[in-house]
Amino acid sequence: MGDILLQQNVIILVVAGFLILLMQGLASFFGIYIYKKWDFSSTSAFQYTLEKKSYLIVLILFFSLIAKIILLPYFAFTIDSLSDVVHGAMCAAGVVGANEYGNFLLGLKIFIIFIVGIWLIVNKLDITAYDYPYIKTKLILAIVIFAFIFIEFVLEILYFTHISTDVPVQCCSVIFGVSGSSDPLPFGINTQTLLILFYSIYILVLIANIQKNPLFSFLSTILLFYFGYYAVTYFFGTYIYQLPTHICPFCMLQSDYYFVGYLIWGSLFLGSFFGIVNLALKLLIKQTIQKYFLYSTFFNTIFVIICTSYVVGYYLVNGVFL
Amino acid sequence: MINKTFLSFLFLLVYQHRIKHISIFLISTLLITILVSVMFISTSIKHQLLSFVDSQSDFVVQKVRAGNRDDIPNEWIDDFRNIRGISHIQPRVYGEYYHLASDYKFTIVGIDLFDEYTSLQIKKVFDGIDIEKFMSEDYMIIGNGVKDFFDKNYYKEYYNFLTPQLDIQRVMIFDTMPKNSDIISNDLILMDIDLAKRILGIDKDKSTDIVLNVPNDTEWINLKVELIDKHHNIKIITKEDLQKSYTNLYNYKSGFFLIVFMILLLTFCLVLYQRYSMINSSDKKEIAIFRATGWSIKAIIVLKVFESSIVGIFSFLLGVIIAYIFVFVFDAPLLADIFLGSHNIGYDISFVPYIEFSMLFSLFMFFMIFFIASVLIPAWKIATSDIDGSLR
Amino acid sequence: MIKIKALNKIYNVGQKNEFVALRNINFEVLPNTVVVLKGVSGSGKSTLLSIIGGMNKPTSGEVIVEDKYIAKLPDLHLSNFRASSIGFVFQSFHLINDLSVFDNISIPLIPLGLSAKEIEEKVNYAMQICNIAHKSMEISKNLSGGEKQRVAIARALVNNPNIILLDEPTANLDSANSKNLVEILSNLKKLGKTIVISTHDSLFDELDFVEKIIYIKDGDISG
């Protein structure tokens, strides 16, 4: 049980995660105090002290959240390096699936990064305004983030302590359904339908962004994220690996494929983030930021271009599709 | 805000406050040097071991009786030989031999020089070896640790082994192993396979285990099944298993060190926090001047955090450089013993330079997270101090 | 340009050592004028000046400078205000002793993200106005009192603010340097600056470019 936990990268991940949890927790709870006593219209020395203290809270939160963002690709890297010690694992896919916590943990981490990003934006808007209009919103949001980070930390410990180095795990071909399990694509669609959906939803995202409609953008982005994941794993990935049976979302993160996985998933995440953020901002602080629609378009387009270029490139070189 | 001008101003300030930074710089350099040295040693050994394992056979088959390894009958080689995909199959003879008086043990490895494959390997390692002479009498090739031991006990040309039947078997020393294989070969003795069997008490028609090579890795899964089909009472160790075990072991060991390091780091962080929290009036005045001329609290915090970070970054770099020299030029005296752990025969190891950049990056990231976390509060404190009050 | 309304500054409110530094201050400073705040030490004039300069917060009342209500501004905006609208010259100059003249004067410009060339231009211009360019590379602690003050003024000018605030500018100068100072101030007025000087030096009583003298005593304005 302790085997994995004592791996270098895992120790770093867990201890750094604990530090951030601690800082986040202290800052969030001190933030409650500020929330209660805050009265911007007051000119008392106490209010000015509160304003100064809120600087510290915000600073600690800012630092811990940036650190969280850095730790996510590091988590991906750690999982990948664990494939050297976990039997049967050829890449991160096997390691993530080593127990029931893995996939949920990964999903939670991504979700946390998204809400952290929202917090950072609300914070920026708050401190550049003239009267700290969103201070209460961002302090509450910090507590919410803390709760999620706490759950994530517990899950992480559970996950790492339940990876066995003796029992072999499944490799991606079993997990992702090449070796004969049931049809892995959602709603039983085939690859052709998936691709049609993929590109159509991308067009929808573009339209939503041009119209600058937060709700429409949110919905289309979620769909693109969902179907994009399947499209990359089950179709575009095969062109990256140049093997129709190699179905895996993680292998493309390795150096064999020039780490293109980070680019692909990175651009999808960024595109998705900017697509959903405006709805969140509208709900939280009744404001949207126009340029984020543009960023959403930009990153989603890069994502689609990279994916498509592998297919086109393969066709141009080989004259056929896989 | 952060551009070339800011950075050159930053370095100016770091230099100006150098007295304040120097103690932190030295302590953190020391910490990093120790940590990175341990990491260098660990990865160097791991790398050598893994390279060694890589050159091994793909499969090792051992006979099992009542859960323990038993000597394997040589006729099983013929049983296995016909399995599809096996390119090479060979028996191995090896075992531990105890020197009773001093409780030291050697590992004796028997080599069959009549086997073409083996003699090719031997010729590769021992350039220009006279195989015929080696085979003409009872000779052995010994590792450097064994040689040191023999020298200490005045065995200059031969050694008298005691067989399990209590017969004395004199074996002449032919040569020593190349120095750069020390990690593997330090306490190894190579000799003719039949001689080894005599000394280790293994039957003439048995061996310790059987190794086989299967070049096509898609056959590996089938192979296991077919081997067990021939003889069910066997244990199969794959090269992959070995690699993973070694990797695990060394990660485990270095993981342990990392934890020890973390405790040190925590103490260091407290020291750091204390040091930078000591804000004297001239520091306060300096910052008040900045703020009076238009610097925001945010700008001051950025300045102070960056200033401290530069100290951290440079101490890390210096620590890595010193660690490199300590481990790969001076072979890490003192520290090496902790890692190599064997009290068997004194090691005189030379570490082969091998750096895992990902490990260095991880350590750097980890170190900087803690470093910056420690200076946040002091930076805030000084940035938010009262302007008017500090200037009076 | 500067409007002060019902300004109060009380230290240690509600405590035993409560101290009223400023009491119901009301006055106005018009653009491109020179105003002198006159009073003895401890009268509150330095406090008033630091409040106008955004370095101290009032207990109550309004401070409006260049149409901005600076009393309640968050730090980001307040520091912008200090950088762009105000140039402050301190009584003890408050230079950083181990830095050169050039580096001292460039301090306000560093966080603005300007290039080295832009900074050099602005600093050179400020040094020329104050006639200190010849000492550009000199370390500040080696300068004379008069030279230090000129560096302090140059630093206050480097961002081209409209308002210059000087706190007891002649307190650490001899008469020759005081005369130099007066000349510099006169030039600044010609450049269109608004100048507020807090002092107890009678040198400023009879100057022709001074439009108004406000007397402060025990935190109150009189006359």
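Here the chain labels run A, B and C in written order, and each chain numbers its own residues starting at 1.
Just so it is clear, a residue touches a chain if its C-beta (ideal position, glycine included) is under 8 Å from a C-beta of that chain, and two chains touch if they have at least 3 such contacts.
These figures come from a predicted structure and were not determined experimentally.
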Selected interface, B-C versus A-C, where C-beta contact pairs are more numerous:
B-C
Chain with the smallest distance from its CA centroid to the overall CA centroid?
A
Per the C-alpha means, the centres of subunit A and subunit B lie apart by a whole-Å value of 35
For subunit A and subunit C, let me know how many angstrom lie between their CA-based centres, rounded off.
51
Express in whole angstrom the distance between the two chain centres, defined as the mean CA positions of subunit B and subunit C.
65
Note the residues in subunit B that touch 2 or more other chains, in rising order.
297-298
Listing for subunit A: what residues touch at least two other chains?
55, 127
For subunit C, write out the residues touching at least two other chains, lowest number first.
75-76
Mind listing the subunit A positions that touch subunit C in their complex?
40-41, 43-45, 48, 51, 55, 127-132
Using the touch definition from the top, list the residues of subunit B that touch subunit A in their complex.
39, 240-241, 243-244, 247-248, 251-252, 254-256, 258-259, 262, 297-298, 301, 358-359, 362-363, 365-366, 369-370, 372-373, 376-377, 380, 383-384
If we count contacts the way the header does, which residues on subunit C are in touch with subunit A in the complex?
13, 57-60, 71-77
Flag every residue of subunit B that touches subunit C in the complex, lowest number first.
1-6, 8-9, 12, 16, 285-286, 288-299, 387-388, 391
As the complex stands, subunit A meets subunit B at residues 3, 5-12, 15-16, 19, 23, 52, 55-56, 59-60, 63, 67, 70, 74, 77, 81, 84-87, 127, 165
